[in-house]
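Input: a single structure, listed below in structure tokens.
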Amino acid sequence: MTNEITIRKSEHIKLCLTDQVLGEGITTGMESVRLVHNALPELDFDSISLATSFLDHKLKAPFFISSMTGGAQQATEINRNLAQAAEHNGWAFALGSTRALVEDKSYRSTFQLRKYAPTIPIIANLGAVQLNYGFGVEQCKEIIHETGADALVLHLNAIQEVIQTGGDTNFAQLLSKIEHLCNSLTIPVGVKEVGWGIDGATALRLRNAGIAFIDVAGAGGTSWSQVEKLRSQDPVRKAAAEAFVDWGISTVESLISVRDKISDAPVFASGGMKTGVDAAKAIALGADAVGFARSILREATTSKEQVIEIMNTRELELKMAMFGLGSGTIADLKKTDRVIVK
Amino acid sequence: MTNEITIRKSEHIKLCLTDQVLGEGITTGMESVRLVHNALPELDFDSISLATSFLDHKLKAPFFISSMTGGAQQATEINRNLAQAAEHNGWAFALGSTRALVEDKSYRSTFQLRKYAPTIPIIANLGAVQLNYGFGVEQCKEIIHETGADALVLHLNAIQEVIQTGGDTNFAQLLSKIEHLCNSLTIPVGVKEVGWGIDGATALRLRNAGIAFIDVAGAGGTSWSQVEKLRSQDPVRKAAAEAFVDWGISTVESLISVRDKISDAPVFASGGMKTGVDAAKAIALGADAVGFARSILREATTSKEQVIEIMNTRELELKMAMFGLGSGTIADLKKTDRVIVK
Amino acid sequence: MTNEITIRKSEHIKLCLTDQVLGEGITTGMESVRLVHNALPELDFDSISLATSFLDHKLKAPFFISSMTGGAQQATEINRNLAQAAEHNGWAFALGSTRALVEDKSYRSTFQLRKYAPTIPIIANLGAVQLNYGFGVEQCKEIIHETGADALVLHLNAIQEVIQTGGDTNFAQLLSKIEHLCNSLTIPVGVKEVGWGIDGATALRLRNAGIAFIDVAGAGGTSWSQVEKLRSQDPVRKAAAEAFVDWGISTVESLISVRDKISDAPVFASGGMKTGVDAAKAIALGADAVGFARSILREATTSKEQVIEIMNTRELELKMAMFGLGSGTIADLKKTDRVIVK
Amino acid sequence: MTNEITIRKSEHIKLCLTDQVLGEGITTGMESVRLVHNALPELDFDSISLATSFLDHKLKAPFFISSMTGGAQQATEINRNLAQAAEHNGWAFALGSTRALVEDKSYRSTFQLRKYAPTIPIIANLGAVQLNYGFGVEQCKEIIHETGADALVLHLNAIQEVIQTGGDTNFAQLLSKIEHLCNSLTIPVGVKEVGWGIDGATALRLRNAGIAFIDVAGAGGTSWSQVEKLRSQDPVRKAAAEAFVDWGISTVESLISVRDKISDAPVFASGGMKTGVDAAKAIALGADAVGFARSILREATTSKEQVIEIMNTRELELKMAMFGLGSGTIADLKKTDRVIVK
């Protein structure tokens, strides 16, 4: 089974390096968010600070690398590049699914990234549905131990599992299992989608079950029905996947809806995030941090230096947007009234 | 006259296999209906049921094949493929117009499909306007007897009849004749359009006359003014038809308008339906079942197996949409509040 | 001067046979008017009547040919074709500007069309601004006498006159001169624009001055700034004209605005009208008749038969639209509630 | 340093002569402003007057040349062409940044344009941020003395300074320094943006600090992040600049917002203004005068005559728009109710 995971993960990377995996007929919604320029910011640009706190840790910028891959040869290199760059720039780093780590000891090393990233928050990742397929508190403790993770995020990917041949599609009674897990682990447990977003009502159900943070992972970026469509050999599944090319809640809608319901826990924005201006919009709309997946994948396959350059770019963009709004800190940006949703 | 019908029907099939018959400047409206993704469905995908009732019969899925053709050689094969596939997948099957059956006994066999579809509901079809051209209770009884139909649907196609050379264009006093027919037959009598939709007020008039069900057959799919434009030899009619390329009430508008007025009889959605996601939207908006015509015509001309494959695709799409909404049954889907019309 | 008019008029015809004279960034607004299809019209198509009254005359259809040309060789033929066709189909016929008729007797014959159109209403045409340039009651009486016109329409074309080299641009105090004219002539005097529309307030000023009818001649069809731009040799005027390519009130906006203010006099819709469906929309919005200019110009340059064919097409389209709405007469269509402006 | 300025200014001119410097995904908003045509203006076109007052001076037309360049060889010629044309047509003339004038005496002559433009208002220009980098009352007095300017406008260009290598990015405490300057100079001191607009709240802060006029210089025309992106050698800055391609408040939004807050001081509209129709819209929305920069740059590099021709075109367009609205004076135009913002 883990060998199958390895092949799948390699195909995911290969496909996600192309534009075929983008949704159509749906966007992040960022184009309908306008930041109102402040012509006289009354700030020294050099004094602007991106520092923020993230799950009781400190970040140099309100950014994290969204869960991408783990397992497989290529993943080892990608993950090292990402970990080293995240450490360098002080971003949080979310690992890809750590399921393989439990199922096959030979993959452990690809997830052992603490050595490259000693000080930043590392977040381990697991499909929530695995709680119906043999994963429980014990396995999660193992994952945390092996990765040295500061938090665990469970991904919700119902539509993807159906399209994937042999996908795990029993999502029944997951909420109580998630609740049990939250109560049993000492590190914070959060949830994320994988690109179809979370709505406020669902976020509230999860928060009431003990979830410590929500990453909306909304629609408008990578579409996992498109990814699995491209991989599928079954004509019915392949055709059906196509009908989901515009499925999901856009990142902006999702963020607004979740933030509206959740005021006592961090909400992260991801899904199709491309620039620091997108990040500024998300934070102005209430996000606590912003995640990037596919838009840094190419750099991740190249070198640590390339990842750092793109991180620097995102940071400069955010800083410039803050300058253009007159917000000197992330806390200021969160409170700005210079944001309009059309 | 029936020979003329045969030629016409063959031309219809041929033209409908091309994209020239699509309307322009009008859509089904499905693109403005959004289903709000539920990231945590709390369902086992395998437990989702598409079963529903349809005019007091049971269907395995809330789907029917919309009235297409009858009469002519090619029709025999098409109809057999459709009937066998519908039986296989447990869909309802609406025949094309059975007018030829009455007018010329040599066409009877093309409509005798009960042998291929012993258990599913079969719906016979007739132009409502024929009630002004020699058809009455007697002829309808003959149609029902020969086809073994469980229901009769009358199509309303005023605009088409005008463009068609020699079309039957006297639609005066039809309502009372429809009322008489409803009172005189023992099986349910419904109405449908052919792609220009029905509005709520008209649906109510028909319901008050005794109609048992309404199939909106709205605009956004096959445009019968385009079909007849392509067939016409008369330059004035040909040019005039072009002005109707965006005529009609879109399927979504029609469905909402009819459902708003009709709460005590089934309302079916058809007209440009392409996927099970469209079907999920229609059911969430109140449709009892969803019909497909042109989008399965190509498969119908090929083989029973091809039709079954496309039926399986539509079913998987609907099931996935229900999974993505957290609706385990068609009854649940009908009650969902996860639908937004922009 | 009249020779100059002749050359100008020929250039107008030549240019208006191309698509270069269309406005850009503005439409008639007809695409935002929806007619709500009535699936069960309860009418015999053959019983639908297009007959209507027009300035106390009877028309077989609620249509008129908008003022086009007069003067010049080519105009003679165009006008004969139009007059004969209008007589044949029972439309009203508006002449092009009859200014040349007064200024040079050699052009009289091109305007003497009564012989070709003995029974239909003929409307003579003059630039309102000419009332500031030597035209008065006497000249108008001469025009009426020579043309045998049943009505006179004054065109308002301020923007055009500015772009035209040597245009007549003194529009001061015209209202009182129009009032004087209305009081002095025995036939009805109306006003029209030439493709930039009239607003309700202006229409009311004119109605209070004694104007008997208003033809909105709105934007979305022929743009006279474009026509004059193409003719101009002066670089400043040529460039300035381009800035007016989207100028004006659209035909739909203009019609709604004027109808709202004028309830006791006929309001005609013209400007970019292309089909009988456009006409149905205009009448449903309150127009008493609908005019076509450029969209029949090509046929007018060809033959009477071509003009009749296009007239038949417009009539069939209107009749079909009325069938599709269930309106059996023009009076019914005017009262329909099956019209929505988005 | 001034040599660096010279090279920079030359690159600015070269780049601004291409279309690469336009923003994307943002417009001036002028396309959503509609002027309601008045078919019967009751005006003599020749009597329409464009005359207006501008900072207590008289202008023949409500137009000014927006600050462009100064310093460098090419600038000398451009500035002379502009100055002579502005004098000829009676427009106001805003100089480009006069910083070089203070920093290096060899550039003085390029700013000494009074000899070419003895009677019109000349406005000197300086980056507001320079008040944090060595410029104060004394330097401004020198600038005014050397240029013979009637007013001084401070430009706010925070985003541009960040992208520019070595840009001056300390915008802290500028407001009080601006206030001090306003109190210390005898000529009026205004502010402008450079293409990202000013909002009402910021305008009010500036007005309360003593600013005498506001030029919104909104988004939709030249984008200075694009200009600096094209110049930048630093990959991070170059990439980050791209994210600002749609940054800013559109000229229309900015004008409405500022006019709403500022009723006791002149408000000028600029940023992407292309025609006299744009100008008419801006004035109808409350602007006191309208400025053009890039849209006359090409002519400015050619000859005085070319500049005059384009000025004549803008004037004719405005006059035609006023004719089409029935506004005989700029004061009338300002009060018109014939303007709609969609």
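Of note:
To keep things simple, chains are lettered A, B, C and D as they appear, and every chain counts its residues starting from 1.
Just so we're on the same page, contacts are C-beta pairs under 8 Å (C-beta built on N, C-alpha and C of every residue); 3 or more make two chains touch, one makes a residue touch a chain.
Per UniProt, the chains are A, B, C, D = Isopentenyl-diphosphate delta-isomerase.
Please read all numbers here as calculations on a predicted model, not as lab measurements.
Most remote from subunit A, judged by the distance between CA-atom centroids, is C. Looking at which positions face the partner, subunit A and subunit B present mostly different ones, since fewer than half of the interface numbers are shared. One inter-chain figure worth recording: subunit A and subunit B are separated by 44 Å, centre to centre, where each centre is the mean of the chain's CA atoms.
Subunit C has its Cα centroid 62 Å from the Cα centroid of subunit A. Viewed as a contact network, the protein chains form a single closed ring in which every chain touches exactly two others.
Chains touching one another form the pairs A-B, A-D, B-C, C-D.
Interface of subunit B with subunit C (complex): residues 25, 128, 156, 158-159, 161-163, 169-175, 191, 193, 196-199, 202, 205-206, 219, 235-237, 239-240, 243-244, 247-249. Only residues 31, 35-47, 274-277, 309-310, 312-313, 316-317, 319-320, 323-324 of subunit C touch subunit B when the two sit together in their complex.
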